[in-house]
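The letters A, B, C and D name the chains in turn, as written, and every chain counts its residues from 1.
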Amino acid sequence: MNTFGRIFRLTSFGESHGRGIGGIIDGCPPGVEIDLNYIQHELSRRRPGQSKITTQRMEPDQVEFLSGIFEGKTQGTPIAFVIWNKDQHSNDYNDLKNIFRPSHADYTYQKKYGTRDYRGGGRSSARETIARVVAGAIARLILKKAGVAIKAYVSQVGEIYLDKSHQELDLSKIDDNIVRCPDAETAELMISRIEEAGRNHDTVGGVISGLVTGVPAGWGEPVFNKLHADLGFGMLGINAVKGFEYGSGFSGTRLTGSQHNDIFIKGEEGIRTSTNHSGGIQGGISNGEDIYFRVAFKPIATLLKEQQTVDSESNEVTINPKGRHDPCVLPRAVPIVEAMAALVLADHYLTQQLYTI
Amino acid sequence: MNTFGRIFRLTSFGESHGRGIGGIIDGCPPGVEIDLNYIQHELSRRRPGQSKITTQRMEPDQVEFLSGIFEGKTQGTPIAFVIWNKDQHSNDYNDLKNIFRPSHADYTYQKKYGTRDYRGGGRSSARETIARVVAGAIARLILKKAGVAIKAYVSQVGEIYLDKSHQELDLSKIDDNIVRCPDAETAELMISRIEEAGRNHDTVGGVISGLVTGVPAGWGEPVFNKLHADLGFGMLGINAVKGFEYGSGFSGTRLTGSQHNDIFIKGEEGIRTSTNHSGGIQGGISNGEDIYFRVAFKPIATLLKEQQTVDSESNEVTINPKGRHDPCVLPRAVPIVEAMAALVLADHYLTQQLYTI
Amino acid sequence: MNTFGRIFRLTSFGESHGRGIGGIIDGCPPGVEIDLNYIQHELSRRRPGQSKITTQRMEPDQVEFLSGIFEGKTQGTPIAFVIWNKDQHSNDYNDLKNIFRPSHADYTYQKKYGTRDYRGGGRSSARETIARVVAGAIARLILKKAGVAIKAYVSQVGEIYLDKSHQELDLSKIDDNIVRCPDAETAELMISRIEEAGRNHDTVGGVISGLVTGVPAGWGEPVFNKLHADLGFGMLGINAVKGFEYGSGFSGTRLTGSQHNDIFIKGEEGIRTSTNHSGGIQGGISNGEDIYFRVAFKPIATLLKEQQTVDSESNEVTINPKGRHDPCVLPRAVPIVEAMAALVLADHYLTQQLYTI
Amino acid sequence: MNTFGRIFRLTSFGESHGRGIGGIIDGCPPGVEIDLNYIQHELSRRRPGQSKITTQRMEPDQVEFLSGIFEGKTQGTPIAFVIWNKDQHSNDYNDLKNIFRPSHADYTYQKKYGTRDYRGGGRSSARETIARVVAGAIARLILKKAGVAIKAYVSQVGEIYLDKSHQELDLSKIDDNIVRCPDAETAELMISRIEEAGRNHDTVGGVISGLVTGVPAGWGEPVFNKLHADLGFGMLGINAVKGFEYGSGFSGTRLTGSQHNDIFIKGEEGIRTSTNHSGGIQGGISNGEDIYFRVAFKPIATLLKEQQTVDSESNEVTINPKGRHDPCVLPRAVPIVEAMAALVLADHYLTQQLYTI
């Protein structure tokens, strides 16, 4: 259950305060040149302590590859990797050993397994997503050769939202600011909103928008593993995600068919559509147009303020957590969204090879 | 790729105008009493021609079981079943042989496979979902013994929406009207809206809300196969679905953590939460509260009016489809949403057995 | 658990005395021309009642395809098929309802599932292998295009064995006699041996040898899914099989490394080996030489004579079965061995496409 | 493809001369007490340099666990582990960079992947089996609680064989000698035979016998994943294995049904069989009797003597390998056979939980 993908598969491991986080990538084709700087760059975009609006846990997050790469290239054999945990403050959690923090996974883990590693949330910590960023970066190296590019950006923080479609934005500017919103003005508002939440010892949620370009027509499986179903599955597996929509999404439900249908036209290099409410996917299969989607993140549950809750014996207790936490998960979740999209797309890219013998 | 589930698995087959639609259910425990009336009842809720607001294709949709059931009970062996197609009008599609209908899967199937069964959309037809309703009904028979109940209802049609939460509704009334909205007044408005669309030879989209009660704490896998990720995956695999959210969903992204967190309290029979923004799932695992979610359906693409499109040689053509089609997919999609939820939950129920040796 | 293969997957269903036997083939590439005569020919090689040395149950064993084929070609969508049971004599089994026949699966099914379809062995009947022959025939249609051919033949019946290697035999003669041994003289002895067993109301076991030619170097997965491990797994999944060996097999264990090693030489079209103790597979991956293997079948358990056993309440009982049974499973198992080999090889052929992007 | 098992799953990684060998165990239930001494003991039985008849590569083979264990117990989360490589002499292999050693996987890896890590055989090295021994040891900790015990022993080396069944042997003596044959006299002959091979710079093959006791009736899946098919699959996935048989095996093919059938009798604690040609498995499902099997190992391919071969450009070359190698793989393969049996049985044990809701 800790494996993602069918052909290009990531199996991840690790807990927030254990030895480290890592994984095994199986099904990666041989001959992929591993650009370590690129992988490390992606990790740095997810890294804690990267700016004033993220947690101050200081982790170098250096990936160490243990297998599957020889003379700089993948070998077709499993690629194991680990990112060692360095800056655990496990003692911060001793007081929480028997306490179920509100809206965390403490209670549900305990009920599921009858045991749990309470230090830093154990395996339920978003620190696990490091493994996805590593595997996603390798997936992107494969996709790049196929002409596919993936971009994600923060399009909403709390009630602040970006009222522009991806066509109206310059997505090369995503990393120009610490909140990862390509519109400078909105980014400022978002940063202020996050700082305000931090000052209040509170947190804020928001939305990340994703865009995939360069996917040719034909990727995706028509019934259960529709391309958007696999994308949604990947996104909903990210910590704190509460919703996923693609193309016209929830707002498209208010349109009529004659408003919503994308008319086919003859393009310069083949068939195109005049509009793209379909979000680049029809019947679960890519049609060659841009694939775009939105991912909803709740405000994260860790508040550095007093809260009521119960302990493992149902006693009411008050907690007042200290520690180092993000007031908003969105900026650091951008590379995670991109990574999950890359894992899904690499899987479908490889799967599509099976139809062309 | 035509298999859904890991433990309780449905592999589906069939095309709209082929011999029939069916599937194999593998991993069903032995000893489940098969209530044929119940299964047939669920199929009749999905059946075409059931009311004035659905397609007039007349299919009896009688399920025939081919294996796995003996003396009225499952045997632990694969359960194969088929629903024979009866009322195909395949000739209706001869003119569309080389034409890509807007926002259908004609074009993408052709690009994926290099071939396609053009009759009635072939495998891309929502007629395939019959197989899910059969398997979902058996999953529900299993879940029922575990105390789990699943309900879905139409909560939006076009711009008409139901402004009540599931707690404010009497869900025993879902099937009291043909649109399957438990609020009689809103149901009337929705039916009018669908009839209007039909008169305009147009279609409308909407939202189906789902509710799962009776799930104990502990179901769901914490990382990729979070309970809501599997639910979302199931829903996004239904034809015409564009989005999924659970608990507070997209609207919860505007809240702060202190507004959003669900405080644990001591309940009569164990730990409960005072609010339920979490939608009954925390860290991907059920917490014992109600699980609720929303599924966005686009307006379906088949319009009985003139539309521009292209054929397989990129020539511009005008189509003006005749035939029998739903102006709104929502009423018939209610049992499909319930079925997919049932498949996901039965899978997690069985999976949970593996943790308790 | 009723699915075989990872990419080219057969999920089978059905019981000996149910409605029929069938399956779904998922992962078959589009565009494969379905030669119905060829498939039916393979079924007729497995069919009961085909000669004086097989059971006299008369089944036409006509395959009916339900999906996935359009205008004579596969569509990339799931191919469902069924072979209807016609000549069940279910009443023959009423007396055996509560009795565990020796060396059958009656007892173990009952212990596993707490229930069983006792008619004709239910799902444990070798009649289930029909589904494999259908899927195997389609796999062979794919492999044929890749230049791969599969042959199996009876090389031992009881103590009668064929003392020739596959190079010394003319494998075009396999079907020249009813026992499917390509050496006419040995075939005669084998037929006599089977007839003798039949007269004694007894059964005999034996060995089937298999040969796969035309596999290029590079098929097979190096660790768990070694090409021979998957072949062995496929063969050991056939009813009555007790052992599998490939290349030098058990007899090779007596050689030294210097006797056993296959020296590489420069061949006309690339690298070859001077001997082939490896059986065409090195490190789990094909090396381009002939793949050959042997499969051990026990004497089947159904004896038409008096035997002691117990019933479900541990009472000692005497059974004296009547009915129609094979005195030797080997002749009819030849197409089944070929089918399982084809399923394995088609799977690895398709898998190999994933390494060449 | 580097994953073994369906419920209790090992994904292994690593190359002979890379950073190390390891894996991730997913699907292990929570609450299993991890006995590190026991795991390390199993590794020491597989370790190189353990006696005068094994390779002199000196590896401490200490396992390091990276996740999934907390306060000495499994958590239900993935268990990652690594055994660091210490004593690589990678330079020994520089001369072999472009040479295909006879009966190794050098050639086939190159043809499969277009690239390979030539140092020490890379991933094709039997050093990979360390990962299986670690996972197998944990599987055995689970099985032990269920009353299941697994024993393997060397029953043949070259032409020296042990002419006793497992009932005639005292299996507590397996580790009393360095060849792991429980019969002291035969063990001496085997050791001499191996030493002779070593003196000749040659190698010898042989057979390992396995025994599983304490499995209750009901484990195993009836069609493809028969208990013996999964056992055979596991064994055939071990390096150098050429064959597998269980119960009466190949020799049983010469018996008649009346000789071979195991008569059911009333035992003290339920139904038993009077003989056990079935090897404890009927219809693919355990019947409660002892499960026994035999595994054929070829003589390993690495000879420390001059041999002819070709290089990557088909030039004929002579190699004369130096280095540290086993003259016989059998003694060190005993714990590997046990480990693979344990992985299969733990998987079926857990699977069986799914039938009893």
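Throughout what follows, a residue touches a chain if its C-beta (ideal position, glycine included) is under 8 Å from a C-beta of that chain, and two chains touch if they have at least 3 such contacts.
The structure presented is a predicted model; accordingly, all values stated were derived computationally and were not measured.
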Quick one: point me to the chain whose Cα centre is farthest from that of subunit A.
C
Where are there more C-beta contacts: A-B or A-D?
A-B
Fraction-based call for subunit D against subunit C, same above half, different below:
same
Please compute the C-alpha centroid of subunit A, do the same for subunit D, then give the distance between them in whole Å.
40
Per the centroid of Cα atoms for each chain, what is the distance between subunit A and subunit B, given in Å?
26
So which bits of subunit B are touching at least two other chains?
1-3, 12, 27, 30, 76-77, 112-114, 123, 222, 355
So in the complex, which bits of subunit B are touching subunit A?
1-4, 6, 12, 100, 102-105, 107-109, 111-114, 123-124, 128, 156, 158-159, 197, 200, 202-207, 216-226, 228-230, 232-234, 236-237, 239, 242-250, 252-266, 270-271, 273, 277-279, 281-288, 294, 296-303, 305, 307-310, 314-316, 351-352, 355
If we count contacts the way the header does, which residues on subunit B are in touch with subunit D in the complex?
7, 27, 29-30, 76-77, 142, 145-146, 222, 349-350, 353-357
Considering the complex alone, what residue numbers of subunit C touch subunit B?
1-3, 9, 11-15, 18-24, 26-27, 30-31, 64-68, 70, 73, 75-80, 82, 112-117, 122-123
